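Structures follow.
Two complexes are shown next, each including subunit A; its partner changes from subunit B in the first to subunit C in the second.
Entry: the complex of A and B
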């Protein structure tokens, strides 16, 4: 399956990332109603001694490995918007977590379900992009 | 969430008998002391045995998060480390950023109250409400960076670690505790208290998260405040070059602490522009909209304005790269940079004046000698030779004679942190003289006095007009009183002072903003007056502890004799010094505002009130 959708994506600019985790925290507030960066669909990888930080986020792949790996079929890609989402049929087998090449499937260990970015379908712009204090995340359509 | 989490859960950990108890703070006490520094002081007063030796098992060590720590409030990554200070003998309290405070709250623990002493080196491992006291033999002796890296390797890269370095282990009286490469609960020697309890580190993993009363409201408020704050010029500059921006301001004024405050002007090589040539990237702590922390090209983080002056100008090191090297070493060894730089400069002057000799010091001490300073820093941390002596800090005044205190830039036993020589700015001088933890700018720095603000604006901020002349003694007590109160509140909230009204700028977040944020995050309604009263109560509490522990009164609210007796030698500030009579007048006014008597002692009914509050919790 190869799609040629024109799709707005969240792009990261790691050089501008200061590691504050505001994006992850706001994401958790929107989706889980609590402050908890671990439940953010976006994650900041940082090591202060190896001196790096970057954002792990979902690319909403044209051909998503998570979709293929999901054994209950709860992950789907919207043919119009291109957004890849999962639903509450998830049984927490973590196959999607294992196959995602970008490390952007997250585990909600309290509920034992996988969580993933839905590009904040209910908002004008993804909340992570809205709250980033340095412009290290942008939401735009690009020619790849 | 499993039920609704209590607003404040404290873990009382006794290292002597390896017990852990969880106790909740009732809402009526939270309303009085809020959290963070405030509740830390409350519990210090409650648990500390009067006159306890700070390095004995009787000392109480408290790590307490603020009421807004970990929420989406801007810059809400801070917590306070509190104990009785082994350096000064009064309250020991230091505020630290980074990520540990939020992680504690995500793990369901808002405060650690650590008692007793472990038999052998241990660390605390906290995960989702469970607290384990674990063997730390694999970590004892490591530098701060090595400690954290090894914990992350062994326990997973997502744990947060706050630890002590060799300085804390060796009970250097001004050792700090550290998170990451640079964040430090720096002042008052909290690291030595960790060392005395055989506590190497606190390691936290929190997956539970923190309930927020109104998530959507919180996001909207965050965006509004971020945009508001980022319009501020000071915030913009801080994000670009960090605190070194203040170097030129003080230097051109002729008020940069140089050669142990014998001089007041130093080379341009330490200004923000030069420092920035050694910077890779600017970083932020948890929830930060400012990002003032440098990742330097020498393998560490920093330097702050404090570091570049106290390990630069104050000891005569003008080379930017060498100063940053000293900064990195001090950070990794776990020393308080303000105290370290002040004591080394003092030692050099002791040498100049003959109190130390080549024989007794084991070396020649002189300003500008980078290699000597570098070696001495290691010797202090590992307590070797002269370093072993200097590791005793301000207690050395007893050894060298009381007259040596005249040129030790310290108050109440704590060296001055701010690199600004306060002989020019009178309100600032009153601020460091009355600060509850010793000579410190973060308690009450009345920064706005230098800005020449119109009376209409000062009336709006302080409630009455303030003399816009920075060298005037008039009405400055009002500025100090205002500043110390709101800074106490911001410390209770767990928010960074860089976005606090009055610290860098007359705008930024004020009581009304804190009220709104608290309501959104916790549902608690505070009035502006409630917050102001809480700030005052915290300061009263600190004053009472200081009075009980060391009899702190008016005689201690003073300045090093150098600030009174020696006029400043250079530039615009030339000739400035603090006039003793005028200073006493400022003190009179200040005590009146605080409602203390003319000796600076709390009235009986307030002491009784604090005693009653103390007995209200289990």
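Entry: the complex of A and C
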């Protein structure tokens, strides 16, 4: 659960987020081909009173609890890039949903599989970072 | 140095992977009484239902042993451990020496005295891949099945058979189904869901006799109230117990399972135990407990492997948890979810129930800390709750707002996450647990310290 030291991560700047969910929409569109923010790998929880949003996204932990929990063995951590991915063997047992402290494992209720952020491996930058209109999402290396 | 692992499932894979992360050189041997490549045990119910094909049953790719340079002895049983000579004995009489031994033998099915369960064909336990294959083969002969024992394994087996097209009768001795994982209300709810799906659920009755004949095998079971259930197949899922048979003839401490310290050492400092066979610290209960499930087994195996290879990392403890789904309704239970059956004071329970929308959520607090939870239907923040249980965070301020998913919950989680991230930047003074090397722990100078450390969580 400790965060990696040298890995590019998606970070959010909550003070800039306006809760428009364009990131979740774009994410779902790229990965599932459907503009449905429920299917996005990034989830925004809004607090309208104190004016900030809580972004649930995968931190690509060093010792991912979801990897420990996956009973199919379909969650893998790439040793070089450190990206944790889920593949199509998922049977929807929701063990990973149960253990993720960041709440970043999402359920695709239509196909009954778990979906998670893969930092858009095929693209240069994650699509959520690209589309964010206020620049609230950044993709960078931080020491933390 | 020789690493030897007895068992070939979640804990063993976790141990192999973490040993190889630390130690690339030394020999690693895996022994199992099953001939299969490492497969996913919880998936056998899905295999039965036909959701998972045979090639997807395997937990790791076929070249897993080759990549990690593991010598395998599959299909052979270990009969005895000789801790003095540091050798294990196989059933065929040969011996193998070890320097670090991991016992990851898992659990065994405990079968109550039922007349006739050995006499006829068609009586199966439901634990391994081969069992699932046998059940599938038997399913071709007749589509009527009786599942005895409605624990989680029984429920999964029954649901798998149901999906495979069988006519299933579920027989449970206790008045509630799955009483180890669900409380009364949710158990009733799950029962009604299963009955709506066409399963016959009989609670509060036990099986007296299994009847049958030599040519056809099983023909039925007789219940204690005289009722007869016709079936071609009986699955016994009457509970599991840690497989501690290897510790019987040696002075190894056994309580509920093999007792281990936070570094997974048993009474012998070079024999480790992990997985369903080991009794580890249970965080919400604060005592030792066997938390037998896949995520805990893998995690324990990972920590045990680290300790075996010399990186002594303290295991924080486990939380009993489980996740299943019936007819696309997810069910998650974790920790101490039903305080009525277990003694305790100052317990607060928060419940949100909406059975029309198939939602039931329950949180159990004690001393302003979360001790357990049940989630049915809506499980989106179960992970966050699991983390709060695991870390035993003080959650007094957000007690009321968790179930309503008010903004205070996310406020709290956000602040906590910030603390977690900033907390990692603080350079804590190095404690002995992170600096002590494994080799050192065999010296006499550190002996007492280690002994004191052994059971401090009791």
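Throughout what follows, the second predicted complex is superposed on the first by the 134 of 144 C-alpha atoms of A that agree within 3 Å, B and C clash if a C-alpha of one lies under 4 Å from a C-alpha of the other, contacts with A are read in each partner's own complex, and residues count from 1 in each chain.
FYI, a contact is a pair of C-beta atoms (placed from the backbone, for glycine too) under 8 Å apart; a residue touches a chain by one contact, two chains touch by 3 or more.
Small disclaimer: the values here were computed from a predicted structure and weren't measured.
When both complexes are superposed on subunit A, subunit B and subunit C fit side by side without a clash.
By the touch criterion stated above, A:128 is placed in contact with neither subunit B nor subunit C. Of the two partner chains placed by the overlay, only subunit B lies in contact with A:36; subunit C stays clear of it.
Contact with neither subunit B nor subunit C is seen for A:136 once the two complexes are overlaid on the shared chain. In the superposed model, the vertex angle subunit B-subunit A-subunit C (Cα centres) comes to 130 degrees (nearest 10).
By the touch criterion stated above, A:93 is placed in contact with subunit C alone, subunit B being left untouched. Using the contact criterion defined above for the overlaid structures, shared-chain residue A:23 touches neither subunit B nor subunit C, since it reaches no partner. Between subunit B and subunit C, the minimal CA-CA distance in the chain A superposition rounds to 5 Å. When both complexes are aligned on chain A by C-alpha atoms, subunit A residues 47-49, 109 touch subunit B in the first and subunit C in the second.
Here subunit B touches subunit A in the complex through residues 1, 70-72, 99, 106, 145, 148-149, 152, 157-158, 180-181, 207-212, 215-216, 218-219, 222-223, 226, 230, 280-289, 291, 295, 301, going by the rule given at the top. Touching subunit A in their complex are the following residues of subunit C: 10, 14, 40-43, 46, 51-52, 56, 58-60, 294-295, 298-299, 302, 321, 323-325, 328, 330, 332, 334, 379-384, 386-387, 390, 407, 410-411, 413-414, 417, 421-422, 424-425.
Interface residues of subunit A, counted against subunit B in their complex, comprise 15, 18-22, 25-26, 28-30, 32-39, 47-49, 51, 53, 109-110, 127, 130-131, 133-134.
By the touch rule above, subunit A contacts subunit C in their complex via residues 2-3, 14, 45-50, 52, 54, 63, 65, 68-69, 71-73, 89, 91-95, 97-103, 105, 107, 109, 112, 143-144.
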